[in-house]
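Sharing a structure with you now.
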């Protein structure tokens, strides 16, 4: 994909932080509102894809390497499974929500009708892990596809 | 431990293994009666094709597609049907699924 | 006597390959050899846990069917009759029987890949997908929740489709991968549709709860047909088998062995749906005008017979080594389905039970035999870089061990007497003969034709004069021989001690399938 | 009658998807067919969870009243996530097929047809 016009690039630079913040908000509030790791991750990834479309695949590939993204993806997945294993260690059951009850890290037991971000135990942590995986994974997919199509055209010429 | 019952019969592999061992023994004994004048690396070891010259190795090997020629030839009609069935077209794969699903649904509902 | 195991072992069986899968890319950044050892260790540990769990379950279910229940993420004592959603693993003798097959095949495949895939790049992704595939297959086999079954089915399809297309520099591999993912996705979507129909009626997703509540209404009939047809397509029944030779023949040999496991996992799905989910209906045939078991049994039998005939006939005229074995695999699946259909149609009689025993025994034999043959085909490809039988010849002179393994696989898959294939096929022949003699005659004839097809391979690939172009061909590396040796040893063991296997492994599995009432009472508890 | 419209739409979507899979020759259109079937099944799941007059199952500052059961929605979300993975895999395979065969016609890529 080649670079688009200056207008598009400027608008993208302005819109990108907003899309990013919105996506991160959806990830962080996954246990309170509709949304969560996948949905927020998809929003952030589409913000990144917007950059890719506007600035062209060459520019983007200079900034971000696909290999680095796949490392982040693995870290997200390992964190998710690791949290499930921690449930086995601290609470004797796989996927146990062992953080409920402590007062510091997402452990507060909520009262109905009141939004409190410091609740839900390991669910927010799992949302973060899934979010990290989805951002890295989806962006890597689109990046590789863009790279593949660019290479093909150059090879033809 | 060795045998299985099938309801109307049984199967014991040990008997079969003993039979095979006996067969090999008989074969070995017969082989011992063979001619002892065989010598390696002489004219004896060359294959004899009624006096015709031997072809190069590649031509001596019967190709896989030529094996069972008579069988495939006699089943020509059936194989033509099968060949028409295996189109290699992904749409047809889905079509077969839809057909089987439709037939099963019709039979089941009626 | 059983070996003490932590009660969360069923969860570990899924969790270990998953954790391993996501750690593999990180480890492979350090060292390639370390990654290979790590993957083999992970699958070995998994096989160890599966075997111990299997030993426990088989010994406990020798007297009466035993089910191990594991609830994820919460208290173990829950009342399932309430509308509570929990993901359960329900491990009975049948599921652990399939799990042994899957984990053995994957373990062998990974050992084989050490040398076989050495020259490829991107192996971190290959091993990640292999481990994901393992987790998916084992999940399908152990889960007690229908939606969870769908999720694991999709994990299996996606990872195996990506593996089929792993050699992306070959157009045909990519084409086969595309066909595979297309067919798998359609199958999985129809499975999901059927699950949604059942959920809409009974408000439950757990298999036992659904089986307890099922009424066999009009919608249930539709759901049954959707589930059976979609899962049978994934198991490769004619006329929906065309994806199978394509993807089996163009995937790397290790992946093909894994695919055999994935296919059998779908077959397990069919068994589970018929015998457990709709088990109450089948065991109580008096409720309806036509007994349901005879009805479904005679729906399955024609498809099975067509599968056997078409698979064998197509195998006879193939010239591509792996494609030939793939068609033979279609025929083998046909034998298993024939046994299932006979067992259904003659449910309650002595020979119906014999048929099911034969069918389930044949599942493990099919996995071992076909797996070994594919590994041999992979070894020949590794040595000669050839798929086509027309180009081969005289390989027995250079590859002695491979030839021996091929002969073992040939006799086993064709059902020649002292090998394991014969023991299970004999059970199938005897029981189908009592249902309908024509079925048994077709089965025996096709078994002979199968032998003919493999004799053709033996002749054209291994026999004949030494061809000049294969002068430098050497025996394959030791890791590949070791992997083939494992399977060959198991085949010979099963062939010599069929009674032992039948008594201790197959009978508990058949009992688990047929004793639906115990299943329900043990899972639902209380009652 | 009005409550049956979603179910009719489900059947229509699945049939259109199957039509596209069987009769369309372009691989991309076949993938669209798969997506249509997927949407149909998702719509079916979501419709099962509908209840007249219910509110979304969010506890945060909820006005009270009957809440819809969130299970079908959770199932749909899982199905959508799987759908994304399948779609990505299929599209990347199509890119590779186009590279090797230079066409997207499903009849011309069928080389495995013996």
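First chain written, first letter: the chains are A, B, C and D, and each begins at residue 1.
Note that contacts are C-beta pairs under 8 Å (C-beta built on N, C-alpha and C of every residue); 3 or more make two chains touch, one makes a residue touch a chain.
Computed from a prediction, not measured in an experiment: that's the story for all the values here.
Chemist: Could you compare the number of C-beta pairs in contact for A-C with that for A-D and name the larger?
Modeler: By number of C-beta pairs in contact, A-C is the larger.
Chemist: With chain centres defined as C-alpha means, what is the inter-centre distance between chain A and chain C in Å?
Modeler: Whole-Å distance between the two chain centres: 36.
Chemist: CA centre of chain B versus CA centre of chain C: separation in Å?
Modeler: Distance between chain centres: 24 Å.
Chemist: Centroid of chain A to centroid of chain B, CA atoms only: how many Å?
Modeler: For chain A versus chain B, the centre distance works out to 56 Å.
Chemist: Can you pull out the residues of chain B that are in contact with at least two other chains?
Modeler: Residues 86, 88, 90, 94 of chain B touch two or more partner chains.
Chemist: Provide the list of chain A residues touching at least two other chains, using ranges where the numbers run on.
Modeler: Residues of chain A touching two or more partner chains: there are none.
Chemist: Can you list the residues of chain D that touch 2 or more other chains?
Modeler: Touching at least two other chains: 21, 30, 96, 109-112, 114.
Chemist: What's the contact topology between the chains, one of line, ring, star, complete, other?
Modeler: Here the contact pattern is something else, fitting no line, ring, star or complete shape.
Chemist: Note which residues of chain C are touching chain B in the complex, please.
Modeler: 178-179, 182-183, 186-187, 190, 218, 221-222, 224-226, 228-229, 233, 239-240, 242-243, 246, 299, 303, 310, 313-314, 316-317, 319, 350-351, 354, 388-390, 392-394, 417-418, 422-423, 426-427, 430-431, 434, 452, 456-457, 459-461, 464-468, 495-500, 502-503
Chemist: Can you name the residues of chain A that touch chain C in the complex?
Modeler: 70-71, 73-75, 77-78, 81-82, 84-85, 87-88, 92-97
Chemist: Please name which positions on chain C make contact with chain D in the complex.
Modeler: Within the complex, chain C touches chain D at residues 85, 147, 151, 154, 157-158, 161-162, 165, 168, 170-172, 174-179, 181-182, 185-186, 189, 192-193, 196, 199-200, 205, 245-246, 249-250, 318-320, 323.
Chemist: Could you list, by residue number, the parts of chain A that touch chain D in their complex?
Modeler: 32-34, 38, 42, 110, 112-115, 138, 141, 144-145, 148-149, 152
Chemist: Report the residues of chain D in contact with chain A in the complex, numbered from low to high.
Modeler: By the definition above, chain D touches chain A via 56, 58-62, 77, 81, 84, 88, 91-92, 95-96, 98-99.
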